[in-house]
Amino acid sequence: MGQTKTELLSTEVRHLDITQFDFVTLIESMQGTAFQARNLARAAQIYHQMLADKQCGVILCLAGSLISAGLKKIILDMIENNMVDVIVSTGANIVDQDFFEGLGFKHYQGSPRLEDTELQALAIDRIYDTLINEDELRICDDTIKVIADSLEPRPYSSREFIAEMGRYLEKHAKNKDSIVLRAYQKNIPIFVPAFSDCSAGFGLVMHQVAHPQKHVSIDSVKDFRELTELKIKAKETGLLMIGGGVPKNFAQDIVVAAELLGAEVPLHKYAVQITVADERDGALSGSTLREACSWGKVSVVHEQMVFCEATIAMPLVVGYAYGKGAWRTRENRAYSKLFAETAETVS
Amino acid sequence: MGQTKTELLSTEVRHLDITQFDFVTLIESMQGTAFQARNLARAAQIYHQMLADKQCGVILCLAGSLISAGLKKIILDMIENNMVDVIVSTGANIVDQDFFEGLGFKHYQGSPRLEDTELQALAIDRIYDTLINEDELRICDDTIKVIADSLEPRPYSSREFIAEMGRYLEKHAKNKDSIVLRAYQKNIPIFVPAFSDCSAGFGLVMHQVAHPQKHVSIDSVKDFRELTELKIKAKETGLLMIGGGVPKNFAQDIVVAAELLGAEVPLHKYAVQITVADERDGALSGSTLREACSWGKVSVVHEQMVFCEATIAMPLVVGYAYGKGAWRTRENRAYSKLFAETAETVS
Amino acid sequence: MGQTKTELLSTEVRHLDITQFDFVTLIESMQGTAFQARNLARAAQIYHQMLADKQCGVILCLAGSLISAGLKKIILDMIENNMVDVIVSTGANIVDQDFFEGLGFKHYQGSPRLEDTELQALAIDRIYDTLINEDELRICDDTIKVIADSLEPRPYSSREFIAEMGRYLEKHAKNKDSIVLRAYQKNIPIFVPAFSDCSAGFGLVMHQVAHPQKHVSIDSVKDFRELTELKIKAKETGLLMIGGGVPKNFAQDIVVAAELLGAEVPLHKYAVQITVADERDGALSGSTLREACSWGKVSVVHEQMVFCEATIAMPLVVGYAYGKGAWRTRENRAYSKLFAETAETVS
Amino acid sequence: MGQTKTELLSTEVRHLDITQFDFVTLIESMQGTAFQARNLARAAQIYHQMLADKQCGVILCLAGSLISAGLKKIILDMIENNMVDVIVSTGANIVDQDFFEGLGFKHYQGSPRLEDTELQALAIDRIYDTLINEDELRICDDTIKVIADSLEPRPYSSREFIAEMGRYLEKHAKNKDSIVLRAYQKNIPIFVPAFSDCSAGFGLVMHQVAHPQKHVSIDSVKDFRELTELKIKAKETGLLMIGGGVPKNFAQDIVVAAELLGAEVPLHKYAVQITVADERDGALSGSTLREACSWGKVSVVHEQMVFCEATIAMPLVVGYAYGKGAWRTRENRAYSKLFAETAETVS
């Protein structure tokens, strides 16, 4: 390679703005074709239906590296325009990437053909064709520790901790285009069920080691409990899933959890998943939404898988729903307020 | 379909026994070929090297539905023969599938072409071509609640809770062929970083709702802290990863976490991953092990990805290492003992 | 299912019209992102470069079921607007699908979940989620026989025979929106290197059986020879490849063939491939364009693979180049004229 | 890289010998598991059934780079032991790889991470992780020309020409372990429906250019006609397909072609395909065997797709059938003899 760190980190990833294009005609044309274009069109229409159905709460699931890949503004536009009520995500998207950018850092365009041993020597981290300054990631870890140090020692749900991250950004953000910040301000809850599995884990481990007796812990059961409560409250729900993994499983499971708590709740009425995972390995990420019906989680009436990588498919799906405009008459459910009064003093 | 529940749940999944075959000659022959057979052969040899390297602690990562697919005995043989020191898994493998079988329940052979709405009506859950009696899964959930109810209310790592599940099985198991049970008895720690994302979540939510003020919580930070401590203790480590997802990320991250805590630890010296995930979507599951080198997690000297579904590749990889027999002179590290004295009284 | 043939064949596939959208801003925005959106943007820009490079002949390779999937009008727009100079395709696209539609028949929207044994009983053929009336396909076969019966018995290249199909459609087409017809009229050669591997094969086998001594034969060597002559004539060339298979291999090989005939020709200067095939099985369809460089076929300067299903990616790639408008100053090379005088009287 | 050509071409690919292992117990154990191991076991059993069914002619379809990958001896063992009656292949396997090795050349182990521009400069061709000496490939091309020059000028089926290659090897082979040679000697016909799409194309183009008026041509219709005649003769047939592409389509189509010629033939009674292609792009390679039933080509009773790369799956599938030994009472059908008397003098 022979490039310096500054040279390698010179071209920023730019976030795509779906409000600039007319996706409606394109998607409606794709509806007339076949294969994945038709599947994508149907998925876009189901997402539009979720928004048009005033009874339906919309849960957005995020897996994969979406923020570093330039999809942040799409999610911000969903938040601004009441197109999402709950977010369930992997930690990387929320902490390492969105919160990280909120602190003023950037992602850079690279190539999958760079030499990783050289990158390691330069303290540059690679995600396929994007690059991160590892020194900045360490600042992100440290900031998580600072936040944890400032909190009352007790078990938190990831949702509670992420709200504290939003509160922190409200004061300290160098870049206000942040999902964590805007979701905090609009009371949209964000859950990260495997919260230690990212930069937050690094910060929180440092926090706990520094405070061995009394410290913040992250109770993943509380996450599940809270999300189940939201299902019970929302009744009708729809899932817009980008990728699979823990967020998909977690969000699907709340139907069963609600039943176990004695609540009569409907299956997820709408479900869309964008993924390139394959059904044939028997893993959850690629499992069909029909399979999820056998588990009593998802209805088969309005479900659609789209076999397409997310950076291509997500702009089209969300862009269509944005263009159709059902969100104009949709209100912010501000679900985080439900939990405002219930901070526990446990255990 | 028109089949009854009894008819559908009539053919049991049988666990494959790798000790019955000679995989050594086959793998050595595959070494001379190309494409994935050669990759598989190299992966098997790297796993054998891990076992032959007496300095090296072996971390087994499990994602996907492996136990229900008939791979349980392979993992049990690894445990019995000191071929693994730490397990990091998704919840489904450990709770819904292994613990579930420990309670005396079975998985059944089905077909991906069954009608899911009919299965739902029969309370049968489908994983690709396998079937589960949903009523039995509810008993599994309830058992988790029973265990949680019996414990002192405080934050637990998943490792601690899974050890309690092992203790429970020691008394109550109807099927002693259990990973949870045998790992408990041999002091091999099992971590499930997204512990609520499975049957355990259902049981623990019921427990917390029943005990709103004082209850067991699952601290995912503690998981990360404990696994990092093991890395610091073990120094040299190797990863045998079946699938990707949270276990892959979690186990790779501990190198960085150890550094952040001030410990000088080497990169994971050996790394093998069996997966059909694709690198081209930028997600962690399919990301190359070379990419992990840029992050300072994995050495590139002894790393190998194998593009093959796990039910085919895992028997060959582990069977080869079993046949080579380096485990015969390997000791049980019994890492769980390290934590025996450190139960905290936090929060 | 329980549906009649008429009910199943009621919703026509509609061909997507890329001239209705502004893809330029979208693609330029995707350029700033990552993963496949960025790859797709780069591929679109390379195709635009091919058209802007007045020295460059453009070869379009088609594999997969593209016409039945609603992509015919895209290719027609490429032909009308001098955006393609040579077409190399599988037989299904050209004969079973495009010529078939030229005869007045249609493709219909279906579902991958239909019961194939019932479709067989109804004489309906399925391609994933599209349906074909098998009776109409038999008429297509018969028409090929009629054309063959009318020709002088001798070996033909597929290009020659397809030109005769164009001549037939000029007189008999019920639907003038035909690639075979318009390419014939504009003297754009179409090669189908495995010409018997489609409806043409059925018709030609019937022709040969009916005329055992003197009949039309299809000389695949002549195809290769003619396409190599075009490379020698064109010098600079670019490949726009939808899918892999024989068309990809065939079009790449002509660089080597030209050299073997003593001509000094450059590598393919530009190369784009849209495919979901995987590099890891060692097969040609998913092999990287860099690998093709080792063979002396493709330059690595302007090459891009896009991992995306064609119905989604092709409209965006071609739509961008259409929007950029380099074709406005491009002339029709009418390469078929080169062969007009050379009909052989062999063997 | 900095390696010389000699250094790069130093480790030979070695052909796997399935007769050395006991695959029967392994496959029968896999039958009890799930996902692709169970699919693979079922595929192996279906192939065994084909061989045990004395009415059934076995057609082996080969796509992808199998010979260069070390699978040649498996196919040779199938030929020696009457486990195959007809071969339909891509050209690369038969000409560039098997015939090439018959001339005394070798394939070498490399790596997918080699720098292709450097390989090009060294005249080394890469297939994923294998390497070929391009100078030797040119000798292979030239040998095809020599053979063509020696033949009577007329249209040949690929089968006829490949038989001539076998005759050539009988005299000149430096390596007798050749599919082309042994199939010739045992009168097993080999069809390559896209015969120009490989080294044969290079040699034949040179031949035709050197003999512009009277030359050998390859009539792909004749291939289709001959293979259809074999279907009519064989009646019951089974397909063992490694990969997809033209060989899969071609071999499936002969059922329809036979009907069009007025013969009453059954569907292919057995069908197995090993492939990593995905059904979701609507292309033929990944299309399900059930889809082929809608076309009236394949019966759904004994069909199985296996999602696994061929170098791993093919040894297990064929090794099982070898171990079961139904071939011991199977005769060589020597189908090439059917055509011996029918050489045409056309056109």
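The letters A, B, C and D name the chains in turn, as written, and every chain counts its residues from 1.
In this section, a contact is a pair of C-beta atoms (placed from the backbone, for glycine too) under 8 Å apart; a residue touches a chain by one contact, two chains touch by 3 or more.
All of these numbers come straight from a predicted model, not from anything done at the bench.
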| item | value |
| --- | --- |
| Far-end chain from subunit B, centres as C-alpha averages | C |
| Contact-richer chain pair (by C-beta pairs counted) among A-D and C-D | C-D |
| Distance from the mean Cα position of subunit D to that of subunit A, given in whole angstrom | 47 |
| Gap in Å, rounded to a whole number, between the CA centres of subunit D and subunit B | 40 |
| Subunit C and subunit D, separation of their C-alpha mean positions in angstrom | 25 |
| Subunit B: positions in contact with at least two other chains | 34-36, 65, 69, 127-130, 276, 278, 280-282, 307, 309-311 |
| Residue ranges of subunit D touching subunit B (in the complex, touch as defined) | 12-17, 20-22, 25-26, 29-30, 32-38, 40, 65, 68-71, 107, 109, 127-130, 276, 307-313, 315-316 |
| Complex contacts: residues of subunit C adjacent to subunit D | 63-65, 69, 92, 112, 114, 116-117, 119-120, 124-130, 134, 138, 141, 153-155, 193-198, 201-202, 204-209, 212-225, 228, 243, 245-246, 249-250, 253, 256-257, 260-261, 276-285, 287, 290-291, 293-296, 300, 309-311, 344-347 |
| Residues of subunit C that touch subunit B when the two form their complex | 34-36, 278, 280-282, 307 |
